[in-house]
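In the two complexes below, subunit A is the common chain; its partner is subunit B in one and subunit C in the other.
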Partner chain A sequence: MVGGGKNTLSGSAPTANGHVKESNGFIPHSNGHVPHYKDDKIKKMSQESFEPVPLLVACLTYLGYGMLVLFGYFRDFLRKSGVETTHSTIERKKMRDFVPLYQSFESFYTRNLYTRIRDCWNRPICSVPSAEFDVSERVSNDGNWHLRLTGKSKRCVNLGSYNYLGFAEKSGPCADAAAGALQQYGAGVCSTRQELGNYSIHEELEQTTARFLRVEDAVTFGMGFATNSMNIPALMGGKGCLILSDELNHASLVLGARLCSTVIKVFKHNDIEDVERKLREAIINGQPRTHRAWRKILIIVEGIYSMEGSIIKLPDLIRLKKKYGAYLYLDEAHSIGALGETGRGATEYWGVDPRDVDIMMGTFTKSFGAAGGYIGGSKRLINHLRAYSHSTTYACSMSAPVAQQVITSMKIIMGEDGTNRGQLRIKQLAANSKYFRQRLVEMGFIVYGNDDSPIVPVLLYMPAKIAAFSRELYQQNVGVVVVGFPATPLVESRARFCLSAAHTREMLDKVLDAISDVGDRLQLKYSLNPPTKGVFAEECYRQVDCLSHEA
Partner chain B sequence: MEQMDRTQPKDSPRVPVGTMGDGGTTYSGVNPNAVWLNSRGIWLSYVIAVTILHLILLSIPFLNVAQAWTLTNVVHNIGNYIFLHMLKGTPWETNWDQGKSRLLTHWEQIDFGEQFTTTRKFLLLAPVILFILASFYTKYDPLHFVVNLSTMLLVLIPKLPQLHGVRIFGINKY
Partner chain C sequence: MAVEDVIVESWYMMQMIQAFLQAPVYHIVIEVLLIVWIIGLLFSKSYRIQERVQLTEKEKEDLLAEWKPEPLVPDTPEDHPALHPRVVSGKAGLKVVVDGKECLNLATLNFLGMLGNKRIEKAANTALYKYGVGSCGPRGFYGTVDVHLDLEDKLAKFTRTEEAILYAYGFATIASAIPAYSKRGDIVFCDEGACFAIQKGLLASRSKVVYFKHNDMEDLERLLKEQAKDDKKDPKKAAVTRRFVLVEGIYLNYGDIVPLPKLVELKYKYKVRIFIEESASFGVLGDNGRGVTEHFGVPIEDIDLISANMEMSLASIGGFCCGDSFVIDHQRLSGQGYCFSASLPPMLSVAASEALLIMEEKPGIFEELRTRCKWLHAKLSSIPGLKVCGEPISPIMHLQLAAPSGHAEDTTKLEIICNECMNQGVALTVARFLEKEEHLVPPPSIRVAVNVELTEDDIDHATSIIANVAKTVL
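Take a look at the complex of A and B:
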């Protein structure tokens, strides 16, 4: 469990022969005591893989970016000298002698790299984004500076929406209930929770959420981003606080952390030893300059990281937080509804008590087909947030149909509507995720993240392949999301697939064939150690078939 | 103190900046310019790029070996100076740091201003090694020596930690 060449408690990925360089099996800071986990926890921790970039691919990627930069300078020169028309904003002729408003170097990347492949993003759709959707076609005559709708649309398989449990539907019990709520409560609220905007449906939503999360109480907000950015200041507002934040945390968490007057320290992604080291340093040294003890320390992590597909190592974090007296803030935006036997999120996945996590935050956007966010925890915490949160004081409360959508979908997931449709969806999602990821790994792609996560990032690396992958798959009626620099590190551009319970096996097979074909043509199968084919596919779907027979 | 309340991690290149929604960036707050030179394969790519440049220069018929080496050295040093010490700011919007990196050259942004990191040592050594090779291949000819030495100094002096943030005579200040 401890040695064997694979240090599963740190984040270091093994190299090709299984040897991990920086470990001799010793676990620091634990007095030689080896934590006793059940076997499945160890198995869960060793399911993550982040294969490093092959050296040749890295060199070619830099070469690619270098060529793009050189051509960018050349094109900028042509634009400045008037040979080529400039489509972006320029200073007016009269204002040339004034200090310039914009620095043209700052828009270099947008002008010369992003705009050339801009048609791969922000594609307008004209249907509900369920398992399949209609993507409107666009053409451009001037190199993507102006995109024009043609009026036609393509029916594509949707691998880009965060539709984990498939609740993004336009008909069904959720839609009917939401329409009913619209009739009863109206569309908007136009007031804050603390004034006139507290409806009975909000109370019902919070009670349902608390029951779902198995915590004492919960408070909900109209916007998922604002849940983080407006509530972390309410929790960490005073002086003398410390926030330990994972390096890959979402922008909302970073913004929330910056809006307080706290000291922020960043630790390496999912690296428990780094957290422990920073905790010890912080506690030993105290606050900067005065060396007084910190008033409180908050560790902010996410359940599933959407860019990497990695799952947070929750049992280790809880052990650390109890040992050092810190608090834990878990952002389950992507993991609620998607992880765990009954969809309760990262705490159920790891088998830890939800009351060990001090602040459980999540959003309704991903698995519940709605919008907004929640924070769950002890009654004292929630009462404090109800009084002090910026959202409850200044922001309008959640709209009633949206709240009803969440309530109905949560009840379906919990099984309170009397059927096992919720269970079926959860099992289908788990089967889809495992199947899709295993098939991609078998094909030879480099896939990041945990085997259980419904987010599957496939590495593309080279800038031109980002655009080619997106466009080629669009031609074959598959809609994917691709991400490049600077949202990801320079070399690690990727295509991110989001699986859904609404995807059927046939859809996934069709998509996988298209991906394999595009991968062959673009030479994207970079993996240096592809596993041998197994009978994995049938295993994945065995549980789902049993359930659907029962239903 | 400034060390403590940064939100930037010190020693990892795997840091995202924001969404690529409009080609720009959102406030997830790390300057990629500071970390991209720590990525895997950069050193090899740098050496390969210089080698390709040298091979191109060697294949020009009217240049002899000595001139090709001196030209490689000079072109490399001028490119180094322009990209690391002349161009300021970043080629993408920096919403998160309130314009602090707009006045800094790329060299000053590397590793968030921390001196004596591995990347800085590599970039300091590259012109020196090229100078040694060029001196050898030009058989220590005095004219070539003067040219090579002056371009090497042009590139080495701005990299000294004492000259971090210094703008002589206000050149290139804004």
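Take a look at the complex of A and C:
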């Protein structure tokens, strides 16, 4: 349950050390032979902490929501009786006798809870979202109903963007290459892959992606969300297919599964026993009512869960899928580039063969600083998708400069540019993640997720603290993401920090001081765990220092 | 009287007891058993066919071992065209290099020639060196860049609506917009020729879908009348059932135009909301390219939601919805493709902005485009053996076989025509569909797209090649 601070740092250092030598001349398992992981290593790797909410805090949180709802009803009453002016938009007079477009209770939450703190989201930026960014200032004269840009902006440290490897850059080799592609191909495409939108740059991108993923072939799409929602139906169409889906899967995976019109069963988050139970039940009982055997079963999971910071237990899943004959769909939106010694994602992190995962899906939005998504796998799978994917048939192909950004950044990660800059980025991200998380745990925050995850969620619990945390840090020039219900369970509102290779340790130290200060003032240091031993920053950053000396 | 009755009754009782005592013992035993049996039957549980049998562990293991899944995907036929795509190297402008050969481009939906426009490239290039490529986040979490807000403003002003909302992917625009409003229990009247994105949006919404005949307002009215009849029977349910009509401005799969004035009339008569997919008509129809509403002179306020992608006329990536703030703002929390996806790369947003600016500066471009459409339409119509489907002013035309002989056969013939035309320097493409997934598979066709930069000579040249090829193939 609780990730003890003691063993993590001292324990993982030797393992990581041993890997550095290997990573210099990589290709660890290109021949298909995968070194079987050792149990103690697994234990260390799956060090995940989910400290339960303290009882008092839970009670106070519910009380807070109760008050908000009561006040909501009261203010609705005031608005109805005309005491308070209504700022929300009203439908045209002509449409009065139509069936209302929205149900009233649907908008209660938005009107009375979300609107009060909506300035914490959708903050416009006016620069590249790298380690620091310019956040536009907004003001409201009517209680947050309308936000107006002042024209001024504020330089903040960026802990919100998914820029894991720091490829969101406005200059450098990626930008130059993208500019070249823009000159050569233009911005848009105006056709689909199957018609006349198959550019040579798309083919190059797919070959590069397959090489990076160490799979037979890959196919790419213009949008990450659509990669899931438009391809799962091409895999699991028709009756008699079963989808086993993690309860915390991303909306795109849920939508994709729904569009299949098949049976979907949900298992508890990252709970291997639950997967096995559901899998056994499904195979033994067959389809509902007819009891016919299932045609095929697909398990859908993500590499890193973006709200929890947890890493999927891949080796166990692979064991299960092989034992029972299910197929595995791994969404590496957040893990590709961000996990593993050479950034190859969850499979490399766990030391398993990527070919054991049937469908390797991921996006280019995060680690590569571009947009779009890919699916990698066997030649047969990819051929099927090229022919029957909704996306290759009906959607516009990927923009050429975006594709080029991916190609160039991927080559840097693989070291094909002849430098170790990619390696350095990966090590810097790993060090940043470890250091940042350890420091927060040390301060006494309740931090969720895996020790190796670059996503660090910190629990805030109370609705009022969501806004306070975000605004206070914004005051101190730190841009953070806060999330509450319905994106999280009602009592588990949280702040989510996304680390980047672009952050320097000095930057993080500054940010951590600000967070600690705000945490004290807002009484956010909830953890009941015994205080951990100090954080050894040098330990975290040793590999980075080694590499940068080499460079 | 009463005394008499009592005497008679007690007399009967006496008789019964006497009879009982006199009866043989076996008789009594049988009767008692019968009674017990009847009582037993009355209280026993009914017989069940599905007697719950607990499987033994061994049986379970056997079942688990016996189960053989189908392969994840079947083998794709070797000759599937998607496995042998034509490769475009370089810009797909008026001229396009396909498989190393330069062709006149009649295949990509670059109506206004914005793809290849130097000014747009320059603007996108500047944005690239200011914002980088990706936005690295969804709109809610620092993925909103000032250029997105700027483009939304421009689009709203251009279309003369209150608000516009941007999506990062054309397909996801209407497919996300529909389920944001139409929920389970609602009814959508949809044109049966609607494009695939609409069909997927409807599936995601889980609403009841009623298809009406393609572009047939009488059929729609018939269905609306039927619905009104049903509503009268159950007014409680009708009061919470939202009704929508979904149409396209210019139909991507047919090239014809929706009869909008009639539709607006039906809207107010039967209280249905109108959603229009304007991907192929935005930047094409109307004096200022505002789309099908401008074409018919219908006030845009009468349309509840307009959705279009920016991948055709604007030659960028992504899409947008526009309409009243009351309607559009809802998508900022409920449009799945908006909330849960990374936002549009800023440079592509700038490219679309610049294209919009060019459209505003050169309103004559739309009339020029229509003139070329008419020329090409007339020329193509005169080719024997082929039939042109679509309005003369539509930049999308579907060339079908005049004498169809079956889906697969026709597709092969059209495929051959495309290949041969390509060899002779005219790029064409067969319209691709997933036949098993479409609600109604359109007849096989070559989708011809008009580019405003085409000259009369280009058109003459292209059509004569198509005519020659068609003559030899058919």
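Everything below uses one rule, namely that the second predicted complex is superposed on the first by the 492 of 551 C-alpha atoms of A that agree within 3 Å, B and C clash if a C-alpha of one lies under 4 Å from a C-alpha of the other, contacts with A are read in each partner's own complex, and residues count from 1 in each chain.
Please note the rule applied: contacts are C-beta pairs under 8 Å (C-beta built on N, C-alpha and C of every residue); 3 or more make two chains touch, one makes a residue touch a chain.
What you are looking at is a predicted structure, and each value in this text was computed from that prediction instead of being measured.
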| item | value |
| --- | --- |
| Which of subunit B and subunit C A:E169 touches, first, second, both or neither | second |
| Touching partner for A:N450 - first (subunit B), second (subunit C), both, neither | neither |
| Which superposed partner A:L255 touches (first subunit B, second subunit C, both, neither) | both |
| Which superposed partner A:N270 touches (first subunit B, second subunit C, both, neither) | neither |
| Contacts of A:T115 with subunit B and subunit C, given as first, second, both or neither | first |
| Which superposed partner A:S433 touches (first subunit B, second subunit C, both, neither) | neither |
| Partner touching more residues of subunit A, whether subunit B or subunit C | C |
| Partner chain in contact with A:L63 - subunit B first, subunit C second, else both or neither | first |
| Partner chain(s) touched by A:S310 [first = subunit B, second = subunit C, both, neither] | neither |
| Intersection of subunit A interface sets (partners subunit B, subunit C) | 103, 110, 114, 121-122, 250-251, 255, 258 |
| In the complex with subunit C, residue positions of subunit A that touch it | 89-92, 94, 97-103, 110, 114, 121-130, 133, 135-136, 149, 158, 160-163, 167-171, 174-175, 178-179, 182-200, 203, 222-226, 229-230, 233, 235, 237, 250-252, 255, 258-259, 261, 280, 283-284, 293-298, 324-327, 358-359, 363-366, 368-371, 380-381, 383-388, 390-396, 398-399, 401-402, 405, 479, 481 |
| In the complex, subunit A residues that touch subunit B | 52-53, 55, 58-59, 61-63, 66, 103, 105-110, 113-115, 118, 121-122, 245, 247-251, 254-255, 257-258, 263-269, 288-289, 307, 483-492 |
| Subunit A-touching residues of subunit C, taken from the complex the two chains share | 55, 60, 63-64, 67-76, 80-83, 85-93, 96, 98, 105, 107-110, 114-116, 120-121, 124-125, 128-137, 139-146, 148-149, 168-172, 181, 195-197, 200, 203-204, 238-243, 268, 271, 273, 301, 309-312, 314-317, 324-327, 329-330, 332-333, 336-337, 339-342, 344-345, 347-348, 351, 427, 429-434, 436-437, 447 |
| Subunit B to subunit A touching residues, read off their complex | 1, 3-9, 12-29, 32, 35-36, 39-42, 44-45, 48-49, 87-94, 102 |
